[in-house]
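Below you will find the structure I want to go over with you.
Letters A, B, C and D mark the chains in the order given here, with residues in each chain numbered from 1 onward.
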């Protein structure tokens, strides 16, 4: 059985990445692609790498007939999904790749995103899309909120440690190195090639990054108390990938053992042998997340490193994984593409 | 039915790329991987991006039991395949990704590669692996010689023009921009990151590049007279991709029409609308080749631009495509992976 | 004696590059920096790499007191210099880095830039800024028109050959590889890091690039007949640099000899030994141009390769070199900075 | 007065960088260049970007007449300087860019470098080359030991904080992002362009990096007790630059104030306004170090970020700065080159 898929916001990088995964997905068929400002264009004009595919012409969202849609991916700028999803027919399942439904508490949403939520009821129903930890809820959900790409990376590294009380919750420092595609295809001077190509630069340091809302929500819920990590993302000149170095206080060997056990049966999470750490290049283009654990020379300190592709496992791959569950497919369907290296 | 596959020389980039394609190929199974200097290691140690796959440990070629092998890919340094293939059981089909069997004339081989061929009989039987032009021969072949990556790119642009007598054979200039992976994983000072990262540099200019042997052989055979193109490759700081700018004398509109017609039914060759030219980024990781034609302001001059991924359509993707034919599979099986962008 | 310098349009890359060169220039002092949209900001905010310098705050052009200015560099978008320079006091010498005064024929200007010239008298007086060929005129000029960066590169390779009648004027093909900074700091989707980082892409092929106006003017004037070269620039993922491969018909050895002799006493033009070709990385950050000549396997064909840094010798370094002459300084003052590699 | 300079080990990146700085240094003259394996070659062959300079041919060290040498820079692989410097005439001052004389305690040297020191007396006399903190000793020294590039970066960020007792000495975490040139020009598979270009990867995590010997020595000496920082370097795809994120416990505002005061008169150390952090791109090619301080959302936590160019301020620029002092020159002579951006 083929599932009819709509992609809303297909002209961004996560939209294009959804098309890439679905192109070889055996049971999904794209029936609508929207891109408000580029409506009327062919996807091949917007993304020449997709020219070989037989795709619908880009339209406005208004022009989509949702009666023939089983599931919609919403890859829209933050703030636009709320009203939109509220107004879709109930028959349409939704995977939202933006930030609109990630935070369960309307006050937290307003704090981080600067405006009140306009679909508070939906916000309550949305399931947080970190598949490996919300799998059962996702299976039955109508609306799944894809995680932030940074939020996914760090949670894969740390959730089992917090769940098992293995680390000092007051001293968690996460230093991330981020591929530039995370900023999307929008025009910003600091995203020009000449600005980024030979530069490494931190941003939103000290507690200003919006993904902290997700960390606070998730880690505090697991721990049963407030957890406030220190978090610094950096722009590095790679197209795709997030490397998260998580400095924690705990027993490195135990940490490794717990992570290895937790993810032993997960098809997309791969824990390296103790003492090895991944690089971003080993997951590019795939839905995989690689995790490594290294002990520090100071006993009781450990480094947990996680690597994933922000556009794949950090966003569009995760979205397809969740959609597979929502549509009754095997979770890995269409997602076993091997990483592209070099 | 599953075909048992051996990859000889699996520790190079084309070897890893073969593994990548076969990882999601529905009817190929890798039963042996060789890498003489790395025998005993796991593929995950040599290529961490393949760690999620269940693969045989690397061995020497001598340790492979070829009785259980249907087809071997030979991704060996130039010169090593000749004796090796000669000594394999006849039951093993072979796709050679190196240069040993590309040139039909032993004298030409010796001229370009500096040593006499040691398997002249096999050399005669080998079929040249440019699938779209040797498809029927490939289907029945025991030994297929994969083309040079530059040779493939330029031939896709020019063969139909020479076949149809559309261009001046004495004035063909091909200027190529080449991704660095084309040099393989061997240690050369000029291939270090710091040397290449902010540099563009031509090499083997003026007629010294060995792929000229293929051009001379193929274009002269088609034309029925000697054809000697001017050919300049360049190292540009991209991992994958070849962009071939072919400057020809002929009618640009006619050239475009002939190319578009010739490739209309080819699943992997895509001719862009007249006046558009491809970039390498739009085919990365895929088995696609994109071709564009642009007319010059001087009438009777045209620019034909072809782009492909040197590791995929230029080498390992082409090899799988040929293997599909040799094994009775549909030619596109396992090869429809969409390009990875950005 | 110190010369008082104003830089108009200091917020673009060529503006910043002027500041870089002047920072260690012994007899130039920057007294004014304009940047209309960023007026009021400090240069350190716009370009953190210049934070260690004691520089005037950015202003509008209107706020500059030109009575205290000896020479102004105009690094403005095309079209803005014409009226501006017309209205400056005669006492201010001007080096224009834009395109407004490069073409002597108003009709040619309108043809390539799409609007009539508004300062035709000035246009007649402007001296073309290719220093090595217009040195004497530049020395006495009030207004010098900096060349296009592509135009400079190719002219260094070809002018002596045309002057000496060494090549076939009807078959000149120039294939250029261009650093991304040539597009400036303006916001364009195709200049984002993620778009350019792993891509090589031609543009303005077939005769559409505006620098062709300069080639046509200069080469035709030298030859005494119309010369129309074929010219294809490409975006390659480097920050700085132009590599020009010029395919010509002529005797390679003679070509090399003439170029070597012509540039033997030029401080910034370096001709490599016969058979060697430069890469862009060997001139980065310097005011040097390296040239190589290679013979083709087809007798009577040659490849002339020129490399320079588009922001330096191709634009701001050239501008300072011309300013040195106009101000009575030694031409090399402040310009002998060695290239930065790697 | 001109100082006669020899560069031992001129074929590595730090050797080439010394030549670059000295090329425009007004009072240094290069009289000898050694490179054992490349003896007999011209520097232009080894480094085409230096082709415009009139330089001595490369020789072996044995062939250098040290009687005419005032100061030698030793840019040799670790372990080779010890015996060499011991055997030089006393009249030759030495700046060693390697690790041989950085550690004052022979036991520490052996611990980190795996072999006993062979010139223990010299080791005692060597002055540690962190100019801003050892300036007076350097002025009178015969032998100065250049610091590790990582060691310099982190010490600029942290020394004043430790000296002033501003931070918790038991919880210092330094996460570094390193340009690839730090690995030198030696042939390693993991330094190939294709390996590094789209990858970010940590190495020597957990306390294995040799620069920790310097940190331990210096920070413990200042603090008067053992200090053991956590330190993780990463390979990021930039040619030059180190970004050090130092996570400390202390009052961010006080930290900023103390750093700003400490470096107010330093010509090469620039402290940004509170709340701003530098990127590596803003110091490329210069002898500058930029430092920023940001407060964390958790009170009492701060992030101190330092950026410098590993080949310049981290190595060869620092070496020239020290040589200036040793030779009685102004410390900044020849070193005020502005950064190259983009």
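Criterion: contacts are C-beta pairs under 8 Å (C-beta built on N, C-alpha and C of every residue); 3 or more make two chains touch, one makes a residue touch a chain.
Chain by chain, the UniProt names read as follows: A, B, C, D = N-acetyl-gamma-glutamyl-phosphate reductase.
It should be emphasised that the depicted structure is a prediction, and the values quoted were computed from it without experimental measurement.
Set side by side, A-D and A-B show the greater C-beta contact count at A-D.
When the contact pairs of A-C are matched by residue number against B-C, C-D or B-D, over half are shared only with B-D. Chain A and chain B have Cα centroids separated by 36 Å. Averaging Cα coordinates per chain places chain B and chain D 45 Å apart.
Each chain gets one centre point, the mean of its Cα atoms, and the points for chain A and chain D are 39 Å apart. Shared interface positions of chain D, defined as residues touching 2 or more other chains, are 13, 181, 194-195, 197-198, 237-240, 278-279, 281-282, 284, 342. Residues of chain C touching chain D in their complex: 13, 16, 19-20, 23-24, 47-53, 181, 198, 239-240, 270, 272, 278-279, 281-286, 288, 290, 336-342. Residues 171, 173, 175, 177, 194-195, 197-202, 205-208, 212, 228, 230, 232, 234, 236-241, 243, 245, 247, 275, 277-282, 284, 294-298, 301, 303, 305, 342 of chain B touch chain C in their complex.
By the touch criterion stated above, chain C contacts chain A in their complex at residues 13, 180-181, 185, 187-189, 191-198, 237-239.
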